[in-house]
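Here come two complexes built around subunit A, the first alongside subunit B, the second alongside subunit C.
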Partner chain A sequence: MSTIRIPPVLRETVGGSRVLSASGGTVAEVLADLFASHPALRDRVTEDGELSPFVNVYVNDRDVRYRDGLATPVGEEDTVILLPAMAGGFG
Partner chain B sequence: MTSAPSAIRQVSAADAVKLVEAGYRVIDVREPVEWNEGHIPGATLLPLADLQARIAEVAPDRDAGLFLHCAVGARSARAAAYLAGIGYSNLANLAGTLTDWRAAGGAWEAPEQLLTPAQQRRYSRQTLIPEIGQAGQRKLLDSKVLLIGAGGLGSPVALYLAASGVGTIGLVDDDVVDESNLQRQVLHTVDRIGQPKTASAKITLAALNPETNVVEHRERLSAENVERLIADYDVIVDGTDNFDTRYVLNDAAVRQRKPVVHGSIYRWDGQITTFVPFEGPCYRCMYPTQPPEELAPGCAVAGVLGVLPGIAGLIQANEVFKLLLGVGQTLAGRLLMFDAMSTEFSEVRIWRDPACPACGEGSIQ
Partner chain C sequence: MSGVPAAAGTGSSPDLLAAIGNTPTVELRHLAPSPKVRIFAKLEGANPTGSLKDRIARAMIEDARASGALRPGQTILEPSSGNTGISLAMIGALLGHPVRIVMPDNTTAERSELLRLYGAEIISSPGAEGSNGAIRVAADLAAADPDLFMPYQYGNEANPRAHEEGTGPEIVAAVPEVDAFVAGLGTGGTLTGVGRYLKRMRPGVRVIAAEPLPGERVQGLRSLDEGFVPPVLDESVLDDRYLVSYRDALIGLRSLLHVEGLFAGLSSGAVLHVALRVAAEMSAGNVVLLLADGGWKYLSAGLWTRDLDELDDELQGSILW
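Right after this comes the complex of A and B.
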């Protein structure tokens, strides 16, 4: 099982969890496993089956856009980070 | 420890000049702040407190001629006594002052005075840092930093930049102080509720450092004014609360090649990075497409822990100092994330996107 870090803006879609576990050998498989248990996450992270342009996905510290996207391999010990843009500042 | 007074000669300034011309090594046992005001060319600065630890490295040959001096002779006399006690055999101590030395025709090197005496006192704790020194402080005093937002992130940034002597701080904000701001926006005070944030900030910063020039830009950053607003500044600090402004700022900063120190906060989490145009990624490289605003509620909707902008803002201020001084490694190419709930820092790498519409290969560089 790999570790998935859930960013603050997405925690409401997973019942408030900060960290989850999911199984799968690629980003696509790990996300599919996550969406099976947390369906509300799907629309925030993907768009028509592709990664949403508003959310960056990292395996460990590497952005999968610069690797193999959804096909990027994920190992048992790896950490997947979902990272949407955050806007808050002085408001 | 046996003293060997015969190893020490008290010499007049005139004799000292001859000894140094004959090859005696000059050891200046004063403090760095005194050294910075002027010293004998070729001398080695070895403050009394460091003597024991460093003398073997500075003067390995205990029989070589050493000429010791301080300002008036007291400290160097103690240094000479110590050195004689550990076996140095050929010591000359200046019996007189450095004024006498100069009057006797001794060589003297006084640096160009970069700071006034008042500035030297005020900033002494940071000019002592080797990477800053008087030259670095002069850079800070001559620097101009623009803060987008005089609120949660802008408050700690502005306070510390002003305290440290950054010469000009521009503040872009069209908001007024609200009671709900005071939980985190420490530039502002209860008695200034309802006043423009830029005016309130100016009062606080002027009290902290009257030398800092605070420029109020009482307007909201937009595509229409961004080029004008950032043109005069060296570094931009992005503490805005919405995506529109972040993209507008990014694109203009890339065009004008201005570094942007980025910070964003949400409840218990903060993200900080530094965008240096064409050297590292820009905001569009990280997030190519602007998300709809509802995906990123600001503090007014989502809430934010009061200390969070303090922590994130000070990391931003630290980035600003390194950019202005040209030292260290910035967060360019790295997104630093802080989780206040678990007190954890982590980072991911961010890359320049060759296809970036702002700074990629197709853009005008």
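Right after this comes the complex of A and C.
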């Protein structure tokens, strides 16, 4: 099972959890497993089956949009991080 | 000022604004993973107020004055986590514009002090809302008072243009064979502007963003509907995007100082962390990283001296990037 980190803004949809576990070999499979147990998360993270433009998904520290998107592989030891799109600091 | 070339090397500048840009680039010989992979750092801390934001502040204000959007003596209002505000405060003071900066209340004391020294007024926004909170407060203030002029670095095309016309050409002049460029992601202006120039001049170059993993206590948004992709960010120029924890940024920051003698700000530590990963995956080539500011505005935070665990915990609730 891989580890999923949930940002504060999405925790209400997963009963307040900060970290969850889910199984699957790709980002799409991991998210599907997560949505099965936490259906309220689906509408917040995806739009028409694609990642919402306001949510960024990382496997470990790399943004999946610049890899293989939802097909990006996820290993058992990997951490999937969900983050809202935000203005960076440093401005 | 407009039309006046910035001085290079040891020449004199006609005024302080003309001294913005043309920053030095140095090779990081000790941190390079092999003789065939060279790493170069562009030192934006050499700008007049100590950060790369002098470039975009000058560009946005000159643009607005030229178009008439900013009238003589009109007050400038801007959301900023520090550097852009300080640059605008310096330029506003020189050109006769009062400056108000909306800044999260959990940044370092040096930033507030510098803003006040330049005569700017500081309006605090809730630190827990991060930069998004500062943007929200500034937008409300601007909507309520049409006499305020907001350059709005997140949506102002003069921001990436300053980098496309200035920073990018300077990088290619210093390192003509650049293969990868790494910079921090804030407004997106640096990566967009430099990225556009590099992609034109060096097809095949990789443009890579380092972004902060937000602190657990600074997650910025009250709801996802407030999610925000800065309008100036052109994601099509990015080839990869890495999240960097505060801990890794701090380790990078200390390496810069102890290994290469470079005293830089926290985002530079994160950029180094990513640049070293990129360099490690290359068999040969040149990596250029951009160090956005010097370390002076972070001294009070003890980034170089305090225990890493203690700092990491404290940074979860502040905005130092």
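Everything that follows uses one rule, which is that the second predicted complex is superposed on the first by the 85 of 91 C-alpha atoms of A that agree within 3 Å, B and C clash if a C-alpha of one lies under 4 Å from a C-alpha of the other, contacts with A are read in each partner's own complex, and residues count from 1 in each chain.
One rule holds for everything that comes next: a contact is a pair of C-beta atoms (placed from the backbone, for glycine too) under 8 Å apart; a residue touches a chain by one contact, two chains touch by 3 or more.
It should be emphasised that the depicted structure is a prediction, and the values quoted were computed from it without experimental measurement.
J.: Which holds for A:L83: it touches subunit B only (first), subunit C only (second), both, or neither?
T.: Both partners.
J.: In the overlay, answer first, second, both or neither for which of subunit B and subunit C A:R62 touches.
T.: A:R62: touches subunit B and subunit C.
J.: In the superposed arrangement, does A:P53 touch subunit B (first), subunit C (second), both or neither?
T.: both
J.: Identify the residues of subunit A that lie in both the subunit B contact region and the subunit C contact region.
T.: 7-9, 44, 53-54, 58, 61-63, 66, 81, 83-91.
J.: Applying the document's contact rule, which stretches of subunit A touch subunit B when the two form their complex?
T.: 7-9, 18, 44, 53-54, 56, 58, 61-63, 66, 81, 83-91
J.: In the complex of these two chains, what residues of subunit C are touching subunit A?
T.: 53, 79-81, 83-84, 130-132, 135, 153-154, 184-188, 211-214, 216, 219-230, 235, 238-244, 267, 292, 319-321
J.: Contact residues on subunit A for subunit C in the complex?
T.: The touching residues are 7-10, 44, 52-55, 58, 61-63, 65-66, 81, 83-91.
J.: Touching residues of subunit B toward subunit A in the complex: what are they?
T.: Interface residues on the subunit B side: 149-154, 173, 175, 185, 238-243, 246, 263-269, 271, 286-289, 291-293, 295-300, 302, 304, 309, 335, 339, 341-342, 347-351.
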